[in-house]
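First comes the structure, then the notes that go with it.
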């Protein structure tokens, strides 16, 4: 039951061809999603402007291309994450994350810091996602805690940002140090970089969850996408006119 | 070496009583924290208005009172977390979290949802922390995923909020459901409520980290404080004039 | 917005004092739970006859008694789980699980097997829960896999039952053996009985999840309650007239 | 020693050609499985109509075909699970689960819900297994908790079903939400879908075991087969004439 | 149905007062454990001489005494494990393991080595159990791998023994070193001695399971009882006349 | 310094060409392994007749062949474990474990039970190892706990054996059931067979460590070799003339 | 057999009252530890000056006092670790670690840094142990990574030290930051400070093991003692004249 | 802002062309890393002589070669770790670790012991790293705890060394035994050698962390590089003139 049907039903009530009791029964026995639809409508509206997203891992290149084609018609832009080299090439890119279509006009600023070069692809996923979801992004790479001078040199970017994403593998200590320098909301992204007792990112994840710096939140291992969505939502609100 | 000392040093250079080389040596051999101080000063300023915090767990009642007394002199307010009943009583409260002194004028709105009654103390810690750090807070309790109507009834609060904190133990599913309803930045707090394979909050933590709703970030188990600080930082920025 | 309000609204439409469009807006902006209420109503009806449940762990004796008193007014019966000795005594019982009020007339049969004497309280929780939720129950205790003759002696009970609950700690092997004997739906309950590498019931839980007997399902460690609810639901359906 | 042999033995006793003591010795020294056979016979009878099952993982295509051929002679139908694409093609199918031969006449109804498209193959395994074991099946796909309207739209199927299977990966929250909507017996199947802290399905498994909805039981990660067998056993009993 | 009843049944067949078919039905419908009884009888005979065992943990002193009293009547001896100080005192002992009644005449020799003084109670449980189950025992304490000379001094005992039990906590390295010195069957018992990353005996358990010395088997953490039973079974066989 | 050198040294003392003090210095400064050699000599003698062992995993076919060739010269037989198909073929075998050279004359009997067909290669490793280390072996395959009649049919073999090896994956319940039937020393071998929450054999390992049957010892996951060595050592001692 | 006995034996050979063969037999059958004694002698000499150590946890106050009394006679000093308040008081101290007797003259310098006040007792254990084992110690407390200026202020101490111990709980990030500042050998000590996903020190332990700063080694959780012994050994060697 | 710039700035102050206040502002607004540079300068100097390091895992051969080429220009030597066979060949080596350029003149001695042949590559990484970082190295291979005579034969090397690295997989017991023999600082390196419950090196790691020998420190699984850097730092300090 969509809005039109509901109006028709009420018009029958107005016309007297349906009693209020009969109308209520019709509402009550209508397919659930009709009723629920109105509930979630507002929400859907809020999302306007968000890109459609295709998670490319486990899909063939053709499947990804078909998905992108289909979605791009309905949405202005499609973000493709976890691309293989082949998929990226087919989309005319070299990265693991590809935005098909133009990014929306940015509001607010997200800073994305990465601890090591190996953390780059996850930082790129976070950055491109934040852009695709409507925020401006500045990136700073290779900011390991074992080289404090590089981190301190990034302070101006941190100070400008409305929200900071910190990407790190191994022991995942960078968010704690950054969190001690700035009062900006900070999202930590553990990566699976490391070996042995890194346990595929578990060490970094636990480190970030136990950060001694207050106000650090964490997403799943390698989940640059989730951090980017969250950060863009914060940045857009802060930067809203 | 504070700013005054640095000026004096440079004045000596200007006066010719110190050569540039001698001045540089003085700078270089000054206590490190003098130099670093200026680096972190801006940051400290940003924090203005933040309460001092006392973590009461593992301290005697007298130690907590002494801490509170000492800090209140320098800061307008002191937030005391993880209070025993005895400590709370000594601070004139009955809660596990106590704010001594007035909350600052609020900017922005934080919604705090709790899944079960047992999650209440953690939700209270998050809420009181967010208030102490400068945000307005609205709470909704007992919003379990197994009773969707209560959750849907909370939608107006969710729609009003600048940022949402969702507190849940056991399987920690609530953030996923809330995250599917709203596009507001959402911070999930797993609690240690549950038994057996809940493993002291591990099940809820893993559930939240793997949320299928995009844009959910997570803090440590029972860490209402961290979620409150983060949320207040977002809310204050969004609500800034 | 409850049913009466909805009827009034529709009567206004019928009376022409409200246009269909206006009425729809009123529906759309009504508190969410009004709309949702109808959605979940059917479900609530299905539950009729289910007892109210009080989880006594972590509550004072007085809190439990107050809960029981309040709930008993609205429901015919109250099931109290995880009682301390003091709580049980206050309820006039000696067990860890207490049913206040009469059990409903039983439909279908649940067999509850326990591997060791230490598994008894969890088996009792499962059995009393199944009875409180409307099934008949037969119990067989001390049916360890290391004493096959006792297990085989329980075959007639297993054959009679509509659904079987098997409670076991340590290595949790009993469900596999029982599952090899009968084709009855079988719910396995791991208990925290054991020490060392039993890891608080983890060994039994993993054992049951990996059972080589097909058709074994599992609940949380020590969760006799959950097994009892599930089993009663199956038994009532099978035993429905 | 089968029934015929036992009768012959007793006839010799009756004829006096064997003393009671000699007969007893013959019974006592008979192969153990003769004696046990009678114990398990009833059970075997109960199983009548169940398909034979071939677990194809780790077998060559030829081995699977040979198995299927051999079993189909003795049983009316053979269920082949965990097929590679090559095995499926050789069996004339494209799915990961293949039923060779006709399904039995169905009794009772199993609803199979899947949270995401990636959970599809496990849901298919559960559904086809339930059919092969004698139940009717209705499937609903893509019912994520982050899109409540799709779930609520599935309510009529849930209401019709005698037992519900819910398949979900990542945080595995779907069973909790479904369990809050219906009082039908519910079997949760965690899948290995996800990455990072999903730990190969562990997050979903723990989430389901700790479900706040009462009456949820769980099977091993990706174990659609086990859920299907269990569900069919329940459905057949409920639907028995 | 015991042997006498079976004979009577067969005599009725011989006398013609029961047809073979009737007799078979009687056999088939006899309580299962009657049939199974004969299956396990041989086994029970093998156990002759084994003590009854009372696991005292979680029982009141009176319960333990009642158990001991009851069992001692039927068995010549009762082994009580995991005694509290109070239970031990009531049994006239000071140890955590108490044998009530005389040990059987020993056959074969079990050597019990303990790495540290804290491992003593587990070693004592193993030693007293082996004696109660019929083996002679020699103990060597404080044989840490960090003090090789003490270990090497124990070589004569190791050479004499038919089977060796090695008890160690912390890193659990002792079995590997002992296993490199002798070709005697070696049972390793990890203890929960240690702290931090000892994880309650997990480190020792994993160490022993991965021993580079071939022919080392392992029991549960702190399971001196299990090691003692196994070792006595080996020793009695080796020492059998 | 071997025995001959030591004798020569002492002869020089006897001949007066070396003072006692000088001799002692020579002993003290001799390479450590000379002194130690005598310590371990007895042990080496005990080992006489044991095969040399080559662990083929991670070696090229040529490396394995070279190893086997070199060792066979010094030892009568070489046991090669964890062979790839190519290595096995090069050794003229099809199994994962290959004994090059004749097995020694057997003493004592080892029974090797395997729960499922997939556990076969580990059971084969255990059996061939026990033979290579000097014991007779009888195997019984496909003895799952979900099919008790097959297990009970194996009782005569169990009764004959001096020591029993039980190989099982998944939930690893078989050793508990076998341990309840016989009083023979029992070594449990968990295998990595299973999926999901089997966690590569962890479930079976924990199950076996927590067996409710007394006197069960355990080896590492898939460690048929270790179980075979241990069992042969027991069997040879029991079967020694 | 000590050196004197060995000389006497060789004198008998020289005197002809013992043949070389007889002497060798006597050597070979001497208690093993006689032979081994000489092997380990050098080592023991190296240890000269090391204190005896009493691990007080799990001992009664009287047992600790008796141990201290007995050891102090033979050694100049006794280090008592893991003291309860009562034990400390009985030893005339208030700390958890107590050195009875004077510390040896120090050689080399150990710097001990602690991240938080709660890490103090472990830092104290490390510091007092290093002193008791012969090194000078300088401590710097409250050097969290979230407050870089305090850490940088500690640089002069770090520069002076021959070896650095860094004690930290929660995420354990401090060693990485310190390791990036100095090239001094650095030992990291994780503490059990923290809650929730700190898992009793596991997060800090994993963090330290995965440190991105090269040259960081780690000890067990809360193991200040082990770090102190290791550091003193390094410092004494560096500071040796 | 480097030293030259700072001097120029101060000269302007001296010349009066810049007021002290203006100069201070310039200092304060200079890029952070200028100020920080002086902080870390001393440190950098300390490192003089350290090789540059290329972690080859995950890089193409060409990338490694480019890295090596670029770094070799600035540094005298480049250490390449985790080489594939192809990378090693391109560097003219066959090992997994390659030092391009001459090792520095050694100071102090590092002993590297490896338990098994499979531990060789990690031991090689440790040894070559220690040499590249300026220490002399002696290696002893195949020193398993199950063959004590080989270990004791290595005592002279252990006695000579300033610091000892012990590399072992499986149960990781070797450091405990070595630590009982010598008082030399000892670094334990767990390797991922083993299978089943070795859990990729976890068993060895836990074993080493819980070593009963005092003064053992540990690095990450397979982290020969970290152990080598640490050991060289100790050795160079001990061996400094």
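General observations
First chain written, first letter: the chains are A, B, C, D, E, F, G and H, and each begins at residue 1.
Here is the rule we go by: contacts are C-beta pairs under 8 Å (C-beta built on N, C-alpha and C of every residue); 3 or more make two chains touch, one makes a residue touch a chain.
Keep in mind the model is a prediction, meaning the values are calculated, not measured.
Common partners of chain B and chain D, by the touch rule above, are A, C.
The chain pair from A-C, C-F or A-H that repeats the B-D interface, sharing more than half of its contact pairs by residue number, is C-F.
For the pair chain C and chain E, the distance between C-alpha centroids works out to 39 Å.
Annotation: 58 Å between the Cα-based centres of chain D and chain G. Residue positions 32, 35-36, 39-40, 148, 152, 155, 181, 196-198, 202, 205, 209-210, 220 of chain C are each in touch with at least two other chains. Every pair of chains meeting the contact definition is listed here: A-B, A-C, A-D, A-G, A-H, B-C, B-D, B-G, B-H, C-D, C-E, C-F, D-E, D-F, E-F, E-G, E-H, F-G, F-H, G-H. For chain D in complex with chain C, the residues that touch the partner chain are 39-40, 42-43, 46-47, 50, 53, 152, 155, 159, 162-163, 181-187, 205, 209-210, 214-220, 225-227, 229-230, 233-234, 237-238, 240. Of all residues in chain A, those touching chain H in their complex are 118, 148-150, 152-156, 195-198. By the touch criterion given at the top, residues 3, 6-7, 10-11, 13-14, 16, 19-21, 23-24, 27-28, 32, 35-36, 38-39 of chain E touch chain D in their complex. Looking at the complex, you find that chain C touches chain F at residues 115-116, 144-148, 170-173, 176-177, 179-181, 194, 196-199, 202-204, 206-213.
By the touch criterion stated above, chain A contacts chain D in their complex at residues 31-33, 35-37, 39-40, 58, 190, 192, 200-202, 205, 220-223.
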